[in-house]
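Structures are listed in the sections that come next.
Both of the next two complexes hold subunit A, though its partner changes from subunit B to subunit C.
Entry: the complex of A and B
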């Protein structure tokens, strides 16, 4: 018998036939297909009994109620809370992606201490005891050397009690430099302070407004409380309420508005004045309000407007033709429940007081103040008393030193905190340098204007402590990180939703028990105070933040734990007779405090027009979170490729403007401003006015994770801060710029 | 070139046959060996290799429990208030009776000591769990469709011991889905739980049921 090649071939054929006659190939194919459809490493929500925890989303100032579904201790889905007065079951895409912030890789897992160069990303883990001891030791040394004022804190905390706790810590320690992160709400507060004489938040009765005049507010781009505004807009569409959007570019809001009016950027207050001119001239104003509840209308405001802001004059500065101005003025004044709003885009930059005062004056003219469908002054809720801080002598001396940000000085008496000016003081080192900086829920390196200078200034601070939950751009530059829980793990109170028109407080409740070695920043502050000892420790009679919260909220806490919010449903704003507490006890069109200033003068953008022929505008979108919270990967996925392509930011530019620079769609260009330069890709779009170019806010992170870092340009690198002459807050709405082919 | 080779080899073939060594039979023998070996691999060895055998953490006697409860299967495998199905019971339910050891059984002692006392959930291996890419609602089938448990799960309630759980080494899922017959033959409705088995019933009930699933044939009706 001879075994040859054919035998083996035959064996193979037999084997093949046998395999084909067995279930093996079909079964393997089936299993492989099941395997590829269910990769074992793809996270799958746990199965089991659902429970739901109601809490508040604090990812933006929107203050939406959310219901988080979980199985055991695993959160699996975030939904809008159906009976919440702000969002009534709605949710935005950022809120929906919140679980990626809870479970994402960018969380800081344990206290960290820097080991390498600043920003090199080399850390070693510490225990909480070690971390608190290290911070206490450094802060103690600074205090002993007699300069407690040189310690500053920047806090964007969403909890009023946390903010109070931090202010208290700074007071007991002896520093006047406790800073908060401002938004357009702060400008509205300043306007209400000046024109009404009250400390109140603006509340917009959007649901009952009958005509909306928006001066660049991104009502559908994340302004105020985004979900609530979206819902209000659906109501407007149903009941045919007209929305007029005044803006130099076709934002989503402009695209969905009934009328879109393009305007030369920065001249919005002029247009408001022009509209006021028509209303006054044609006697369309609410005579009752103007005559009985406002002071000096005839002598001052009326004269100012009639002398300077005729539609013809205004049309020259704003670029809006006078016929349109007249038309809008008439429509606005004659509409039932008209409402004018401002605060550009999402209102992340406080903005110029000229706009806020002018737009608020417009509302006053038509009586849209504290009335149905108008803007209401919602007075601050009383807070429960805490025992006064007993400062020791070091603290007394330290806190008497001037604030680094000039807030509350003669120049800016209305301001409580001026973060934009603080960064200039940091950069200049005057009147005294900062020796230590604490950062709570804020990412100043990324969010402050002129971010490169801010980064350099921060680099000069010898000791930086971050309480961030994430490795954000500022945390990456710090020396020690004491990571906070993320919102879904925290128990804390939440201030009302931005622009909500009834008194409301919310409770953020832990959805899951914290899974990492993090601590609530309130607890960290209390521990720090205890470690510092003496009068500082005495100022904190609570053994934990929860204990402090229980004492602060009292009986309300139980109600809050049940529903996670308490709202004053029947709230009615003060009547005109009792609402105003200005020096004249009336509404002041031109506030007494500003009599010597020019409150309605436009703010000019930085830069020389001959060197920088166009104007660069930042814009906001619901798809990019531009504040302390960075985009979760799900949200980044939704960004269009006309905004971000690969790692390039696209600059929106009108075809005419592109032609003057010799640029074509898709070209790479160098964008230059007086503050810096950055490479951008050209996106030609008819939706933006000639002479104006635009970039989104919120891109260009250098830290976080690979889903976010290195994508696009941070526009804050290219824009400086322009302090508002009245409030002192940042009023920069754009900057001069030029483009060249790269 | 290839034509030449071909011709060449056929020449040599003829030569071998002519040499009279009966290699045609040998070749056929090899064919049979290959065939037999691979049939054994395909039908016997492969299923053994494909599935790993796992024992349930604790043995469980359905018959015994069934006698003690009043509502049959639903006593322990119940619908929650929101309509979702509870599946295998959680410790909390077992504890209602088994806070302490009740009987003589070694398995019960193990259960009480290892799980109840330590408050650890029993990691039951679920024979009938469908892959994650499938939507399945018990409520739609049991409550609305009025199906009984046996149609899909077989006579589970009549078992006195829990059988070995066979886990597919490629997919990680239970053997019950494909069925115990490796060729996919089935005699009972519960022998297999593949898509075709869902479809079979849904086709039959087409007239009777008005649900979305029976009317449409889009993938995403049942798959995610």
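Entry: the complex of A and C
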């Protein structure tokens, strides 16, 4: 048969139609999509047995209970523990990202020893035996030379038993320089010490408060125990409880508050006094409390307030009009269960005692102390006895030397530890130089104010040991790293949640078996003590941290292992008659200990107003973790592009301020303060007071992994520490600054 | 639809988000990412290429200081019903990779069918759909946390919020094993709802009078996004602030909003 053109075409069309009508094209496209999508590098998560482990999150002082879902020995999801008294099922964005810390590239996999220049990132792996031997050898040499006091330790450990263990190690070794990382809770503790005469933590009965006056506290930005505060806020909204937020910037808290009072930064204590003035003048105070349970009210406090803080006077300094001051004072005093709180932002900087004393005095005026919906003094839980440390003569001599941070000295008798004053002692080398530094769960190079000089100060120390789980900014500067387990691999007790008003203890339990060559820092300390031998080894009768924990917690441990927490549900704070143990045995509006000081004087920002016309404020957000824990990738992903763009931090600036500097949205500018300078991108925002500019805390890491390092500006580089005249803790709430077009 | 109120046969899962309670903390975003194996890159500050099934938008009232106000608005996929299931994305998908489930009201996304034409992204008025421009890369060891109930996606396809459909399947499986036909309200909750520390998100069957969302959606302050488009979304928002409700749609200056 001859195939002509016509025949060829019809055959072709017929074949085409035939194939089109057959399932073949569909089969091929289906196969094609299956084939093209089966990339060998796209992981297929293995399935297995699903289980859940309850534990406590220790990424912030919030102390939330978490339930971690597992598939075999893999942790796959963190969720809030539904029956935990603090968070009741809710969980924050950092807590949710915890698995990225557990399995992340920033983990230190094995003990490391520095090989190159300090900070160059050149390391060689060591075995644990070698690492412990190296540290012991150095510490032994320092001790033999007769200066054990020149070893210091900075610890941000979340476990009370780990903290005790470290303090014990330092005592047995012979150094007074055991430092902790302070927060606003330390300022509250100082206020309770001074005004109540007790060693107690502040507990806020947020759930029953009837009116909340917040002096810049980031109640919805991570203050205290964030999830608990969020839940309390939702309760306030539903029961129409008024939240008044006092701050110069429209934070998330201010946006959600019923009233946002814009105030000149740094004048919060003045406003508190102005409110006190109205309450006293109009006799709106709780007469019973003031007359029967407080001392020096009439003679001193009343006079001080009435003479100096009329609404008109206060209005001039604070910028808040006197009508608003009077209105708030009346509302606050007349409300059922009023509560005033302070501690700026998340309270990572302890803050000025002027604010804490003034705000606490306000609570006292309205009788909000140790009462429903008020602030409670929650006494420290008794701890089980450990045998006393038997110091040898070297240790006795060493630990009698003065502390390098001036804590507990005549100048700062209330303070237990003043980390902010440590680096100046390092730089001056007086009264004695530091020869070795141990760092536990802390990142001072990043979190301390004036971080550049902290870095320089640390660089002067010949031997630095880090126990960090992560390659943080400070671990990167160290000579030896003895990596700790991360919280999901650890067994340790956890202190109560920040600001929680009932005695609570939690147990952090291992969710997964440790996958890297890490050890619990408690075990490392015990090993180190044993390697040092003599009286130091004798002070540690435990063969492991777990053993120490079992002995310390006793019977409680079994309950804790089962439930993860123990709470005293029926706890009631002391009544007014028995609560105060000051020299006068009453509440002291002006503490006897401060008679010679000016406790309510405002803290001024560093810098000269003519050279630095605006004020730079740090702010906190739930989307950036600014403490020892750096942002996991998921959290960084939630940062808005008006806060971080590429590697640039954006500075929040009012359109009016921007105009005076000739800056427009998106411009690059040079931000200068008396402490340093940094390039920033301009973000114009109406939510900030003219004359004030703001940067978030927690960006600008130089270490960690490529998901975090090199992004944005570390605001601590631009702000210096201002020691509070009463507590000695860091009270810097901002700094003077200027901007110029770059 | 004739079965609209018969929730035993036809469910209509939806959300009511209380914007007065939402604090903009971002927990919902991270809860979603960790539940659904959402990938991440070194730089996520280019938000056009940042995959966030749940995204919290920041709205402002554009007033000068100190009258400025802001409100945060979490935006999952709105699971539009349109008319009889003709949601914008479903109507345009040439691969039937996205479909409207009449039994649950959930708009699905079937990754193995999607070939990445991105018509649906153009059609979606809520920017709820995201394209994988790159293969996902988990740093070594991090793939350990991946959830076996959700398949990781690869380069070249579109993904979006599924209302955690795998949780619905798991809840149904559990009910089936226990010999029940119906699941309880609490048994199927999305990851964002469960995580929200402020309790701002409520999830449930909009057809079922026993579910909280049924009455919450009738709040006089409830509204939906871009209602004028007729997308008929299943995510409701509640705000006591008028400027926020007005920001939910493109109103002309003197136009009377739909909710008035």
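Going forward, the second predicted complex is superposed on the first by the 696 of 742 C-alpha atoms of A that agree within 3 Å, B and C clash if a C-alpha of one lies under 4 Å from a C-alpha of the other, contacts with A are read in each partner's own complex, and residues count from 1 in each chain.
In the analysis below, contacts are C-beta pairs under 8 Å (C-beta built on N, C-alpha and C of every residue); 3 or more make two chains touch, one makes a residue touch a chain.
Keep in mind that what you see is a predicted model, and the values were worked out from it rather than measured.
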When both partners are placed on the shared chain, which of subunit B and subunit C touches more of subunit A: C
Touched partner set for A:741, first subunit B, second subunit C, both or neither: neither
Touching partner for A:561 - first (subunit B), second (subunit C), both, neither: neither
Which of subunit B and subunit C A:220 touches, first, second, both or neither: second
Touched partner set for A:400, first subunit B, second subunit C, both or neither: neither
Which superposed partner A:97 touches (first subunit B, second subunit C, both, neither): second
Partner chain in contact with A:597 - subunit B first, subunit C second, else both or neither: neither
Partner chain(s) touched by A:316 [first = subunit B, second = subunit C, both, neither]: neither
Which superposed partner A:230 touches (first subunit B, second subunit C, both, neither): second
Contacts of A:430 with subunit B and subunit C, given as first, second, both or neither: neither
Footprint overlap on subunit A, where subunit B in one structure and subunit C in the other make contact: 34, 37, 44, 47-48
Interfacial residue positions of subunit A with respect to subunit B in the complex: 1-4, 6-8, 10-19, 21-24, 26-28, 30-32, 34-35, 37-38, 40, 44, 47-50
Subunit A-facing residues of subunit B, complex: 16, 21-23, 26-28, 30-39, 41-43, 46, 50, 80, 82, 84, 86-87, 90, 131-133, 168, 170-173, 178, 182-184
Of subunit C, residues touching subunit A in the complex: 20-21, 23-27, 29-31, 33-35, 37, 40, 42-47, 50, 52, 56, 58, 60, 62-66, 68-72, 111-113, 115, 135-136, 138-148, 151-157, 194-200
Interfacial residue positions of subunit A with respect to subunit C in the complex: 33-34, 36-37, 39, 41-48, 71, 74-80, 87, 89-93, 96-97, 99-100, 102-105, 220, 226-227, 230-231, 233-234, 237, 250, 252, 255-256, 260, 262, 515, 622-623, 633-642, 644-646, 654-656, 686-690, 705-707
